[in-house]
Amino acid sequence: MRAASTTELMAVAAAREIADGEIVFAGTGLPMLGAMLAQRTHAPNMTLLFEAGAIDPRMLHLPMSVGDSRTLVGVAQAAGLFEVFNYILQSGRVEVGFLGGAQIDRYGNINSTAVGDYHHPDVRFPGSGGSADVATLSGRTVIMAPHERRRLPERVDYLTSPGWLEGGESRVRAGILTGGPSALVTTMGVIRYREASHEPYLDSFHPGTTPEAVREETGFPLDISDSTETLAPAPEELEILRRVVDPEGIFIKP
Amino acid sequence: MEDKLKTLGEAASLIASGSSISIGGFTSQRHPTALLRKLIKDGVRDLIIYCHSAGSDVDLLIGAGSVKRVEGAYQADGVFTPISPNWRRFVEAGRIHFEDYSNASMMARFAAGAMGLPFMPVKSMLGSDLMERWGFSSEERKVDPEAAPAKVHKMECPFTGQQLALVPAIKTDFCLLHVQKASPQGLLRIEGQEFLDVQQAMASRCVIATCEEVVKDEELRRNPELNRIPHFAVDAVVHLPFGAHPHSVHNAYDYDPEHLMEFSRASKDDASFDRYLERYVFGPDSHEEYLELIGGEARMRALRARSGLGYNPELARRGGDR
Amino acid sequence: MRAASTTELMAVAAAREIADGEIVFAGTGLPMLGAMLAQRTHAPNMTLLFEAGAIDPRMLHLPMSVGDSRTLVGVAQAAGLFEVFNYILQSGRVEVGFLGGAQIDRYGNINSTAVGDYHHPDVRFPGSGGSADVATLSGRTVIMAPHERRRLPERVDYLTSPGWLEGGESRVRAGILTGGPSALVTTMGVIRYREASHEPYLDSFHPGTTPEAVREETGFPLDISDSTETLAPAPEELEILRRVVDPEGIFIKP
Amino acid sequence: MEDKLKTLGEAASLIASGSSISIGGFTSQRHPTALLRKLIKDGVRDLIIYCHSAGSDVDLLIGAGSVKRVEGAYQADGVFTPISPNWRRFVEAGRIHFEDYSNASMMARFAAGAMGLPFMPVKSMLGSDLMERWGFSSEERKVDPEAAPAKVHKMECPFTGQQLALVPAIKTDFCLLHVQKASPQGLLRIEGQEFLDVQQAMASRCVIATCEEVVKDEELRRNPELNRIPHFAVDAVVHLPFGAHPHSVHNAYDYDPEHLMEFSRASKDDASFDRYLERYVFGPDSHEEYLELIGGEARMRALRARSGLGYNPELARRGGDR
């Protein structure tokens, strides 16, 4: 069997962040791969949600976006943004939310809006979508991003989606009473956050890299002292990912 | 009851330059795209757009120079175009005004408008730059009758003491929808996700719906639990099969990956996007001609949804790699 | 043909308050008779609403309450309180609302709550239901009540549903920017309200009574100078009311 | 997925005395009345009830002495009992605590609870004694952990300056529903009007649904637009045909005019209502015995809804005159 690609490694790492029975909010892209994989492996009783209106699908084909008809196969309810955001997310029922972002800073704050000046940006991104909402209102969040120094700065240019803000108690002080990032899964490893300080540390580095290389590619101080190598995907996980979750090769290039 | 069936031209002619509009659907799904092409062709400009997760619906209008301002949360076509290209190009060049919210806060703004309230409280936006950085200053808002007097107000709940964000209601001149089924009297049925169509419609002074199928009012009334927008809220109905192309319509047809990628490639600069507009917007004399142009019967057959699934599982989706 | 009973007279008077094409919010009882009659006579394009969730029914049988399954025949939407109150009533789409009440005072304020002290009432009524909402948020309201002196006091014991409050501009000063009572249809006549002062006056007295008798049975000052006799129901109206609207004799006793 | 099917006894045993509850349905429609009878039989007392337009569901509990407090808007069974008789009797005698809102403001309170917000703004209540006269004083509220700290707050909109009433969210310990169809996993379908069932369910920590029919989860998922409450919000499902009697269930059966009038007559004093309870609540050993008592197959046949109408057009409804 072909060794796991970085994309596959990340999808498997994402899947492992989901416990069976949890209610999971997923955005477009890698989070969908992870959620579909988890549903087909260790978390058959998880409930998946998409903000566009699909509540608990049993998808047969990978969606291209959270609004895709493919999210409606076997769904419990075909609803809309109003129901998902209000009755499920804001009411505090979501246990884990998956997010991406263009920049992720030291405390897991996400920028999906703009690099440079907000009004005259160097690069403009799509914007929050549901990201700020999921980051604020989920029980915990898992962030997925390519690991590049410029994408992991000390402080995001625009804080679209609140992570631990400035660390410590700053999130609660801002009026956000629950949640916060539990993991940042990147192309190089998995970063987590210390309990009270919410300082980031490297939990694991992917096979083929080193803790030092990860720290080198990170734009904020990163404690690597507790890191171990990321557990490689099991052959069954890769098999399901390639043959069942994404046989069309939408994300996973053969 | 009044018959509200109109031609595409009649419906489009209701919308004047400078109007505020919202558009139904979500990223690459169920937009009234044929109606948007008609607006561009008719020279409608200076539109003020309220959206949540828009895709190449709003991006088409932006690229055509029809948009003055966007208040919304997201501009992308999922995997096809992770950042809507005209949006990115126009914002970076300072060619449109914009203000950023989250999807849930835009949802709340439309809901407030639909519910006749001047604002809705939300727990989102706290701690975020969505709260702190405004697209338009207080001074600009004072001279713009269309803009809310403030982007957001922070509030302490008088019952619990917790902090909340209050976001201002949206009331648009027009809401443009594409739905699966409509009666001539304007009763609308939506299959699959509603997205935010109901709230957008109820938050608008005039609702125009294009639809895949016109169904007798009595027929729709046989399953009243499935109807989503009442006839008295709808002003015009246009029968327009494949009216959402290149976007998808659940139970009817899939998105068109080839066309979405062509759109994306064409959006790299004004000149190439003008060629796209020339070909697909200004070229065809009618929606029927447009459908011929994109491949006619054969293409429509290739996109057609499989019954029981709502999309086409055989669709070649890796348009991006070709 | 048997002459019109008082109930029939009131139902016909209620029906005449509806113009064709209007959106009408109706409560249980006489308002339903009036609305069903109007729909079958001069207002075939009216839209009827019930707060329990029925939007634009074409009823075949008189409902016993606004939640009755009979309100669902031929309905455009079977929704719920959330949709009807928010998207239709509070958003300002309702043109006329029909209300009843235990006490109606000089300015068309309604008491459906309690006579005597609120906490220890002499008589307790069912409460507002949607009455306060319809009275506040409809374009105009039509109130229907038995005409008895004790039921038409100068001031209600408990103001459940705002009419013109203390008259003049007091309704707008209280923050209610639209609506107000346009007619009070009683067992003796039809009372309306002057434009700016919102003082009540007798518009018409039912056949068989006199303006003076009406004033005598009214607990607040009533200007009777402009009154004429209520136009008697047309034979077709009575026919439809008896044979089509209420053939079971739920409200109309044969 | 977890199987949540329970017996009536198992479901009722979840609810302790002193709990806060809300009950689905509207006046004489779709209440979980069999479950309420079981609660009374089991001796559950001191209930705190949040309702909008209640009927002889709440009135049954009041008459049985099971209720400590009611916050709601309306207590009547339509034409059958224009004022719920036990409600009237208990309030006039000072035997229960109560606080009055309007239906729309109770709707907003449940919606706030369902939406995770501490309050909702409404335009109702302004200028009314609903605003001015409180059921419980600020002092009483301070020592009652279940009560909101204030009945209502008046607010000036920071965007428009208009006046609004803010009403406090409701979150109940239990929401008790009766629906047409439920899956063993707790997915619920409601036919006809939803009333406020969705918002009441989502505003509750524990939802118990009795149902006419248990349907396979996969079967309900074939028409996801018709499902109203997701499985993960529901804790127990009880299969209980005719479980709403004497109230109606759209598409299943009509209200029972004879029984509702008997209820009304029995409510004139404690002694006669005790006899009603003895006969219908404490007497039967099971729901099946209750159904035999009210007339068994013959009575059920007489109430059964006609397909396509949802009620029985032949029903003798003038029970009040007999």
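Letters A, B, C and D name the chains as they come in the text, with residue numbers starting at 1 for each one.
In this text, a residue touches a chain if its C-beta (ideal position, glycine included) is under 8 Å from a C-beta of that chain, and two chains touch if they have at least 3 such contacts.
Here the structure is a predicted model, which is why all the values come from computation and not from measurement.
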Would you mind checking which chain's C-alpha centre is most distant from the centre of chain C?
A
Inter-centroid spacing, chain C versus chain A (mean Cα positions, whole Å)
57
Rounded to the nearest Å, the gap separating the Cα centres of chain A and chain B is 27
Please work out the Cα centroid separation of chain A and chain D, and write it as a whole number of Å.
41
Junction residues of chain C, two or more chains touched
72, 78, 86, 89-90, 137
Spell out, as numbers or ranges, the residues of chain D touching 2 or more other chains.
116-117, 122-123, 162, 164, 191-192, 198, 225
Chain pairs that touch, all of them, please.
A-B, A-D, B-C, B-D, C-D
Tell me, which parts of chain D touch chain A in their complex?
1-2, 114-117, 187, 198, 202, 217-218, 220-221, 224-225, 227-228, 230-233
How about chain D: which of its residues touch chain C in the complex?
25-29, 52-53, 55, 72-80, 82-84, 87-88, 91-92, 94, 100-105, 107, 111, 122-130, 133, 135, 162-164, 191-199, 248, 250-251, 254-255, 305, 309-311, 313, 317-318
Chain A residues touching chain B - in the complex, by the definition given at the top
28-29, 51-54, 60-61, 63-73, 78-82, 85-86, 89-90, 113-114, 118-133, 136-137, 158-162, 165, 170-171, 174-177, 248-251
Name, in rising order, each residue of chain A that touches chain D in their complex.
23, 45, 47, 55-56, 72, 74-78, 86-93, 137
Contact footprint of chain D on chain B as seen in their complex
116-123, 148-150, 153, 155, 157-160, 162, 164, 166, 168-169, 190-192, 225-226
